[in-house]
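One chain, chain A, links the two complexes that follow: it is found with chain B in the first and with chain C in the second.
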Partner chain A sequence: MAISTGSPIASRTRRPLTPDSIFRRVLVGLFVVLMVVFILGPLLWLGVRAFAGNWTYPNLLPDDWTLRWWQVVVNDGALGIAVQNSLFFAPLTVLVSAIICLPAAYAFARFDFPGRRFFLISLFATNAFPKMGLFVTLAALFYALNLMNTILGILVVHVLGTVVFMTWIPAAAFAAVPRNLEEAARDAGASKLRVFASVTLPMALPGIIVAAVMSFLASFDEAQGTYLVGAPAFMTMPTQMYSLVLNYPTQVAAVFSILLAIPSVALMLAAHKHILGGQLAEGFQIK
Partner chain B sequence: MTIHEPLTGPLTNTTKPGTAASGGGLTVRGLRKVLGGRTIIDNLDLSVKEGELVSLLGPSGCGKTTTLRMIAGFLEPDSGSIEVEGQEVSHLGAENRPSAMVFQNYALWPHMTVAKNVGFPLKLRKMSKAEIKERVESVLELVSLLHHKDSKPARISGGEQQRVALARALVQEPKLLLLDEPLSNLDAKLRVKVREDIRKIQQELGITTVIVTHDQEEAMSMSDRIAVMNAGKIEQYSTPEALYARPETEFVATFIGSMNRIEGSLNNGLITEGPDILGIRPEDVILADTPFPGAVPATVERVVPRGHFQEVYVRRADAQLRSFVSGALMQPGRQTYAGIRKAMTFRDGRLVAEAGAAL
Partner chain C sequence: MTTTLQKPAELQQTVPPAGATRPKRLGQRAVGFFMALPPILLIALFVGFPIVLAFGFSIGLTGGLNHTIATIGQNVHEADAWWGTLAAYQEMFTNKRFLGDLLVTVIVTLVSTATVIFLALGIGLYLKLKGGRMARLLSGLAIVPLFIPVVIASWAILTFYSGTGFLRSVFALFGLDFPVWAFTMVTVIIGSVWTSLPFAVLMVSSGLQSVPNAMIEAARDAGAGSLRTIVSVIVPMAAVPIIIATTFTAIGIVGSFTVPYFTGPNSPNMLGVDMSNYFSAFNQPQQSAVMAFTVFLIASGIAALYVWANFRSAKEQGKV
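Let's turn to the complex of A and B:
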């Protein structure tokens, strides 16, 4: 966690502790404690819970440890199918969303067409209204189009949730590619398509990857719309969570939560390494 | 606007002296560009002989970069023709023109190594890997950067990036090399070295070259000829020597070098009232302790040491003059004699007379 303790400056110059700096330290300390309690706390509880047998009230640790709940999840066919469904929909959503949104992002970044700003802002529309309201009206439309309980229907819901990321972030990334670099490639003899493939796309890639990761996670975590459109024919991991929390002991939900978090954490780590280690961080001589 | 052939001095370094402008090199005729309702370039003609290095020199906003971008193919002219080695190119895109450009901020691709950057134009020409490697290495050797071939552009210094950009242009063996303010991002010391390097390589390879610059010293020291631009037009197109010694317009005289600009006219060494503009180079203001023909008593008002010379402001009865003097530093208040060796007279901005007082 990148929490600055606020002290590097103070320690470098070795200033005496003034009331002001003490106050600042207390404030930072308080912030750290809050972060630990509210972010790490639940995660820690989740981790312990997944391996807990009986856990009675005043005890800080469970009374006994067990792998039984993992067995339940692994052996339960419905849960396995949910994992499969999630791993099917999330990559497909990213792919479809990329095919639809990346050309749009490039157009927003590079061409000035009438209504450009209007379209760019209106992409936020799906996020401006309460999600449930959108999904209810969407469901009405889907009934008419026979899209309820279909893969296509769920895909539409998932892609809708990713449009903003997949357009805005890559658009910013495309716009940040200096025109000079594209002109230099054209001057070297590259066709417009080749310029895009060899210069624009590689340079915008970190931004596109961020957008893809966020879209993947959005699709992976999408529950409300999937439940409304897909249940019971297509249960994904988040929608299965709902029934788990209601029907199973909390330990099973804990195990499932951890499983649900694995792809997200893995993706975050991979993206983190790629983005911070990539050329974006190197800083180049372009004005 | 017509091209002014050089007034004095033979052209040096042309590989084929006397080549008609339409044969080799670059010929621009009647170039025009209007951007946002403003005429940026107005009916511009320019011819560059094969192997010649020409600078487009002018203040910012004079249209020099616009001209270069039209020659390179990044900007479409509203009218006019651009011929490179006799071939009309104005309808071609930048990728199909026989010119290569070095950008002001180098425009190196940060995700490719130095060797990949330089090799990219060859890769596009579908050359074999072995041939690309050989050509890239020989051109990197030319700009003495072979040791950096596997570095990313962000890891090398500004001067080195500049040379990579030059190598990337040279490797294409262009018929026309275009440089857009190539030295403006370098510090003063490095600038002198790199400009000598560029000139040396250009002469070795005999490439027809056009450089855009706002730095008159840079243009004077590198170019065979200089086109001084102002408000979308070429004011004068001559050799550096001619540009300094015989500026055709007041703008050129002011822009190139330094000048005492005084309203009036020169009569027997004295400045009298008149409608014209007098231009007197500071080195043509002679100071001496004893009277000499054409000299007038003067008082030293201000002295600015400039290292190898000093800039002396003297007050004569008729005007204040600035003079470049070498020797021991003068003191303000000192009585001296000041004479004008040579003066240019401008009427409506154009040179009408050159007068040398008998000294």
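Let's turn to the complex of A and C:
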């Protein structure tokens, strides 16, 4: 799952071991160990907690193991509703975002029109402005439009968080489709729509998939805006985490964390080739 | 600039850059314009317009659409001149709590961004210059946080560095006392670095990979050492992706909420957290708006750097 868009420059031959090279290897090894502890440590520490009974400090493992906390989560109605809400908003967000943004992505890649660059930069504005500040300003408008604590209001917040992904990444993907291929298909007598459906779209699909995955996760993980606009009428899984951490035993929050992480990990694993292959990085450069 | 460098020369000539060349008919330009319009309208309505509205509210213009929030909120300063009043700004910029938050926000953003870019550069350079299993393992590790929702990450990091956390447990087994980092700015910085690392690593590595190996070999042949090659050849050639990674990381951290909310102290904490406190818990939306515009100001300074870097890269490729 490493990033490999080019071959490293170092030659494959092994150099003889000198004190200097041993020292370097130890240094690199130490860095890797530190990174493993830094990145994976917190996740494992949390993961173990979901199956832990009693845990005496400072033991590194719990005293006994139990599945009790999973039952608590499954039997808790509020938590179930949060799962349902999350699974309702995320796909809807992706759909709405795709309808709004994908034609624009194609236009950015293929047409030159007045204001194109200005449009691209104003899209960036949603990302440049800190989310919490944005939601605080949005709240004033939502009060006036009666969108507070409504499904539409939450949907707006979620879609706003996906616009940059859904426009930029597919735009880069559409732009990367070679034009001579499209023209060749045209010359062979295919209609414009046919060319789009059987040449452009399939070639740009990895970028669109990455955008859809990122959007799904953005909606699935969105907490601050949903909390401000939707709580307590509509709780999703991440907003429920806020109250879980305060009101439930840590083990319950740990179980809930694992549940919340499953869709993210599954989707990311499914799309990781494209994400690491540069579709994401490519999308973030205005052209 | 990442892909164009990798494309063979003859392909590059036949593929015009995005949105350029070929004489366009007026109709096609109009179609492009209208296809691009929906997301722009959405953003104008739900980002641009509220920002203008909230700015008006922050300077005491409480009529019109601001009426509802001005009625609900407490401690609202109303305009005393036709253009408004700076009373809310005055109140906040003499407020010790706010000034403490501001300082903490700036420090956390600077330290975390510097750490993230340093790590991303280190991993990217190791991948580019050495390669091998170790390098792939490192970059793979750095991507892991992308898979984990921020809410969970923050909470996991909090428990890891807490009073009964892993580090303290390990040290306690050896009879040593490790400090409690939970609910201090140390965990906020650790959490910010943790969550920002994947994007920076992806961006920086993809930029570094696109530096042609021939250039590096040429520099070496000319007698440049490793450090010299990195500083004068590789990093300048990947400057644009590095700047983009830096700006996105800094903007993400300066406005972050979830990480400092979970892992940080009550006060002073980052502006994102206190902004929400002022809005919900204290019911002082105007003060909250003032904080939002302070963060906006910092972020737009950073954003200007991003736009400049992109224009520079476009100019280099002769697109402007």
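Note that in this section the second predicted complex is superposed on the first by the 251 of 287 C-alpha atoms of A that agree within 3 Å, B and C clash if a C-alpha of one lies under 4 Å from a C-alpha of the other, contacts with A are read in each partner's own complex, and residues count from 1 in each chain.
Basically, a contact is a pair of C-beta atoms (placed from the backbone, for glycine too) under 8 Å apart; a residue touches a chain by one contact, two chains touch by 3 or more.
Just so you know, these numbers come straight off a predicted model, no measurement behind them.
*Asks:* Pick one for A:23: touches chain B only (first), chain C only (second), both, or neither.
*Replies:* Neither partner.
*Asks:* Just chain B (first), just chain C (second), both, or neither: which does A:65 touch?
*Replies:* Touch partners of A:65: none, neither chain B nor chain C.
*Asks:* Which holds for A:106: it touches chain B only (first), chain C only (second), both, or neither?
*Replies:* second
*Asks:* When the two structures are laid over each other on chain A, which of chain B and chain C touches more residues of chain A?
*Replies:* Between chain B and chain C, the winner on chain A residue contacts is C.
*Asks:* Going by the contact rule set out at the top, does A:199 touch chain B (first), chain C (second), both, or neither?
*Replies:* Touch partner of A:199: chain B, not chain C.
*Asks:* Tell me which partner A:184 touches in the superposition: chain B (first), chain C (second), both or neither.
*Replies:* first
*Asks:* Once the two structures are fitted together, what part of chain A is touched by chain B and by chain C alike?
*Replies:* On chain A, the residues that contact chain B in one structure and chain C in the other are 178, 180, 282, 284-287.
*Asks:* For chain A, which residues are in contact with chain B within the complex?
*Replies:* It comes out as residues 178, 180-181, 183-191, 194, 198-199, 202-203, 279, 282-287.
*Asks:* What residues of chain B sit close enough to touch chain A in their complex?
*Replies:* Listed in rising order, the residues are 72-74, 93-96, 99-101, 103, 105-111, 120-121, 124-125, 152-154, 158, 161, 168, 172, 185.
*Asks:* Along chain A, where are the residues that touch chain C in the complex?
*Replies:* 1-10, 28, 31-32, 35-36, 38-43, 45-46, 49, 55, 57-60, 100-101, 103-104, 106-116, 119, 121-134, 136-141, 143-144, 156, 159-160, 163, 166-167, 171-172, 175-176, 178-180, 217, 220-221, 223-224, 228, 238, 241-242, 245, 250, 253, 257, 260-261, 264-265, 268-269, 272, 275-276, 278, 280-282, 284-287
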